[in-house]
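Following are the structures in question.
The following pair of complexes shares a single chain, chain A, combined with chain B in the former and chain C in the latter.
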Partner chain A sequence: MQRLLEIAALNVRFATPEGEVAAVRDVDFGVGAGECVGLVGESGSGKSQIFLAALGLLARNGRVSGTARFGDLDLLTCDRAALDRIRGARVGMIFQDSMTSLAPHLKIGEQLAEVLEVHGGLGSRVARSRALAILERVHIGDGATRLAQYPHELSGGMRQRVMIASALLCDPELVIADEPTTALDVTIQAQILELFRELRRESRLSLVVITHDIAVVAGLCDRVAVMYAGRIVEEAPVGALLRTPRHPYTHGLLAAVPRLDDSTDTPMQAVPGQPPNPAAWEAGCSFAERCTRASEHCRRERPELTADGSGTRTVACHHPLGETRA
Partner chain B sequence: MSAALLDVRNLSVSYPVRRRRLDALTGLSFTLASREVLGVVGESGSGKSTLARSVLRLLPQIRGEVRWRGIDLYGLAARDMRATRRELQIVFQDPFASLNPRMTVSAIVGEPLLVFRPELSRANRATAVAAMLARVGLGADLMNRYPHQFSGGQCQRIAIARAVIAEPLLLVCDEPLSALDVSVQAQIVNLLADLRREFGMSLLFISHNLAVVRRFASRVLVLYLGRTMELADRDALFQAPLHPYTRALLEAIPALDPLEARRARAVPIGEAASPLDPPHGCVFHTRCPFAVERCRSEIPVLESVAPGRQVACHRWRELPAGKG
Partner chain C sequence: MNAVAAVTGPVERGLWRDAWRTLRTRRTALAAAFTLLLIAALAALGPYLSPHRFDALDYTHILAGPALESGHWFGTDDLGRDLFVRSMLGLRISLAIGLIATAISVLIGVSYGAVAGYLGGRVDELMMRAVDLLFAMPQFFFVLLLAVVFDQNLIVLFVTIGAFGWLVMARIVRGQTLSLMHREFIEAAIACGVSTPRILARHIVPNVLGPVIVYATLTIPQMILLESLLSFLGLGVREPLASLGGLVADGAAHMQAAPWMLLIPGGFLSLVLLAFNFVGDGLRDALDPRER
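Take a look at the complex of A and B:
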């Protein structure tokens, strides 16, 4: 069955004064209809660049190769007009920082109406009633008042709900949420995650959640891909990934999250070293220098992403962890 | 009773905002003993960072008292304050913003020695800086580099080295992990825990993350809109939170266990009210699932409910036991 979005052999490079830097390397990534996939990685891992590249939003010095099939279209080769019909309409996007993503000089009503007028060809009366309906759907009360307010008059959590509303306006087939809760307080994060769960239940929304925080995807996603140094190093159904991580990096990420029930007498299990510098990625496994399981083999030869016996998960590691987590 | 290192009495701080008064902190009282770690938690706008600034005398004025080793900190003459600053150091949230981009790492970490130990020779200072950098995990070969050449985690190590080299008695940590990648956060947690023991420091550890605070703190202060909601020993607080706000903060932590993560949660209601326009009565009542008429009209007093434990809630006795 063809998936809604199928990214294959994606590479993203940036020309910099220090030479060319590879941000995304040989990434295959798909999202099925109604599926929610998490993409987890640290800063610089390339997780955001995948979708900026697919939607033609790369910085000027970026170059992309590969394919990104959405329906019967390759987003990387289709013309600008076709891309414009997709962005904001068939694919909605939600970014981390609602303060910079919303235009500060436009009232909420104007921002939402603009989306509908551009993509839906709706008149302003219809657009307004649609905007009111969508605000209700993301649980913003007193919508009529909100439509007349400017972004700075809303709280951070409220603005993030407006961002979500804006992404949902045209009934997109796919929503990409890039760090949608990172700038929020933990209580507001819990509310926004609950909103996403509710939206998924209501409408079989296809959703990609990009985050540095593996705990964010735990309660929301069906499947999770973990990125390190521009590559996907492990992909699995969320339960399997959390319970039995195979890649030592995934294991390290999970162990590094402080929990309410862990012992406070022993030090935390930290991943040693620093996230790699994209300009200095080398041969072999990019994680080898921080990995306690690394061998000479790992430093020489890069492990390919390969499926395990179950056929539901893949890992790129010469020495993956076993069935049960220590 | 042993004298407290830090004794905060009825501390209130206000800022003028567009001809109005923003009450950032209202009537805070607590003590911190030598080598003790007090965790401070709350959402943005709860007054956590104002508290950090208050106890370091980084604010022009406060109401109430901050007593440091028995002396009123805000009554100290400038000269005495300068000497006292060595004992009070801070690590900020954003390591890039808190390091001077034009100074080398060795200059940054050596600066406190220039100020507080001017008698040291240049060679001795260099030795001390190298030893401190080694202690936080940075090699001598990095000493002449500039902050932009380091990752976030390394910059935070530099900021920690700069604070600890003064050999403070109190280290204030204001969200020291928030700007760091997850895999690096645990390293910094372990480093701070080790340094605290080695140097016998007290910590005022400010964080929005209760799970991190649990690792450090022996006591925890829960703030909401500048007021104390609950103050308790760590184990008591985490095993049986009394205040509805403490419970909400605990409930909001996303679970990593796949089943637990999908459990429907009693998500806290709404968002923090504006500190410019705090609710009447209990400031938390607009978000509290247990609020009754009394909570809307009457400010709850901070009540001592057990040794070392205080809670400001009209209804804490009647509420069903919190999650353990």
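Take a look at the complex of A and C:
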């Protein structure tokens, strides 16, 4: 099956004064055309680094190996000019903090026009009408006024819509949204998620949503991958993952989401312990130290990501939950 | 109806608008800027008002004091040349040196610093060590040497003085660029496929402009002073042309017989230097983000 983006055996390491730190380890990840995939994990699990690496945005001390095929091009080995033709045009990126990700000294119209000038070589009049159309598409009213405003004159939700608009300007095949709703309050979050759903309905947009909020994934994605300590530990269709998590970490994550109908006396269900120090990841399952099901086997040998009988989901665990045979 | 819309319309804000608002409250800076404009206008137009030429010798008025009836409003020097016209000429040349040399130093300093900061790593290391090396050299001797070698050519003078002013500018711009690189909007621009030269021109340089303007304004008086020092030593602009420094040197020689020869160009020099420093201070209050 030819997928739009196929990441294979991706490793990301950072050279730090304390030695080399592995942020992403042996990750295989693919996005099909028109598919929406969620990537869930806690801070530092390496979920953002996968795509920063694929788009050549790693910090200076980062080293990457593996492949990231987009069409017939390997994003990790192609030259800067080829990468520039893809970034912004065929792959759009939406960042978390719209306040710092929009250039403070340029008007909205200028920022949007920049993308069009770089990729389309459009004249200013065409660029302007295109920018107005895209603002309308993300439901920003009074576009002409907005184009003449600076980012700090817009509200947070509005800025995030502008970010989304700029990612969509060149009709990309793939949009990567890195924590698109984290900096927003819940009502705006809901609006932005609704916007994403609408955009997906309107076009065959492929979408990767990177988030630590499993609720975001639940309402938006087709498929979810859960990351822990630099590896994908479970990947499944979203419904199946939410109903019957196989990996104990996924189970813990889901159990930790507080519910409105919980009694106030019920203690929060947190996953005990801390994620391992990425500089000292050792053999065995990296979740073993925090896992209630861990055995001696888990600490000695790292479980590989393996498909289960249905063929639609994979899990990396020696003792997965809900195993009928066990 | 329209009046209401005008009142309730959106209040425009921005770096430059905020800066202007701050600057407006700095009375000394405004007064200094006004003084500079006045002096510049005087230097540009003054010589046309006088009946005398800057290199014409008037044997009937040698070392004559300031007087209205002879047309020598600021008096004459030891060769009978009109000091008013010569002072205006000196102002022109000193201001030109200050502005051109500063423009050269800004041009080199900003591009050098931005490139070093943006590329980073080994390139940055190499480029900044080169700056350190140049810093360690006795710059004034080089300027002296070049002035002698190139026979006090005016253009060479502009360039050599400017070529030594960019070192600090490069450091400032590099530092600012480094801190900008960590800002996400630069990353976002890269993620949008914007090329390196374009990011430098469109995103880095406009954001370092504040400190650059401040430092440039403070560089102008340094450049003027450096040239005056050269002229005072007789290695600056050549006779019969004169800069303020050269006039001061002439004046110092006749300090007792004709004090106006020292006081008038010296006064203009001090006024210009002070005014530029006040304007620079005002701009720093208005533009430098660290002062906020």
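In the analysis below, the second predicted complex is superposed on the first by the 322 of 326 C-alpha atoms of A that agree within 3 Å, B and C clash if a C-alpha of one lies under 4 Å from a C-alpha of the other, contacts with A are read in each partner's own complex, and residues count from 1 in each chain.
Please note the rule applied: contacts are C-beta pairs under 8 Å (C-beta built on N, C-alpha and C of every residue); 3 or more make two chains touch, one makes a residue touch a chain.
Quantities reported herein were computed from a predicted structural model and do not represent experimental measurements.
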item: Chain C versus chain B on the shared chain A, clash or fit after superposition; value: fit
item: First (chain B), second (chain C), both or neither touched by A:Met93; value: second
item: Chain B versus chain C as contact partner of A:Gly322, first or second or both or neither; value: neither
item: Chain B versus chain C as contact partner of A:Ser166, first or second or both or neither; value: second
item: Broader residue contact with chain A after superposition on the shared chain, chain B or chain C; value: B
item: Angular separation of chain B and chain C about chain A, which is computed from CA centres of the superposed model and rounded to the nearest 10 °; value: 80
item: First (chain B), second (chain C), both or neither touched by A:Val118; value: second
item: Touching partner for A:Ser43 - first (chain B), second (chain C), both, neither; value: first
item: First (chain B), second (chain C), both or neither touched by A:Ala270; value: first
item: Chain B versus chain C as contact partner of A:Gly19, first or second or both or neither; value: neither
item: First, second, both or neither for A:Gly309, with chain B first and chain C second; value: neither
item: Overlay on chain A, chain C to chain B nearest C-alpha distance, Å; value: 12
item: Chain C-contacting residues of chain A that also contact chain B; value: none
item: Interfacial residue positions of chain C with respect to chain A in the complex; value: 10, 13-15, 120-121, 183-185, 187-196, 198, 202-203, 206-207
item: Residue numbers on chain A that touch chain B, as the complex places them; value: 42-43, 155-158, 185-191, 193-194, 212-216, 218-219, 238-239, 242-243, 249, 252-260, 264, 267-272, 274-275
item: Parts of chain A lying in touch with chain C, wherever the complex brings them together; value: 55-57, 60, 80, 83-89, 93, 95, 97, 100-106, 114-115, 118-119, 145, 149-150, 152-153, 163, 166
item: In the complex, chain B residues that touch chain A; value: 43-44, 151-154, 181-187, 189-190, 193-194, 208-212, 214-215, 238, 248-258, 261-262, 265, 267-268, 271-272
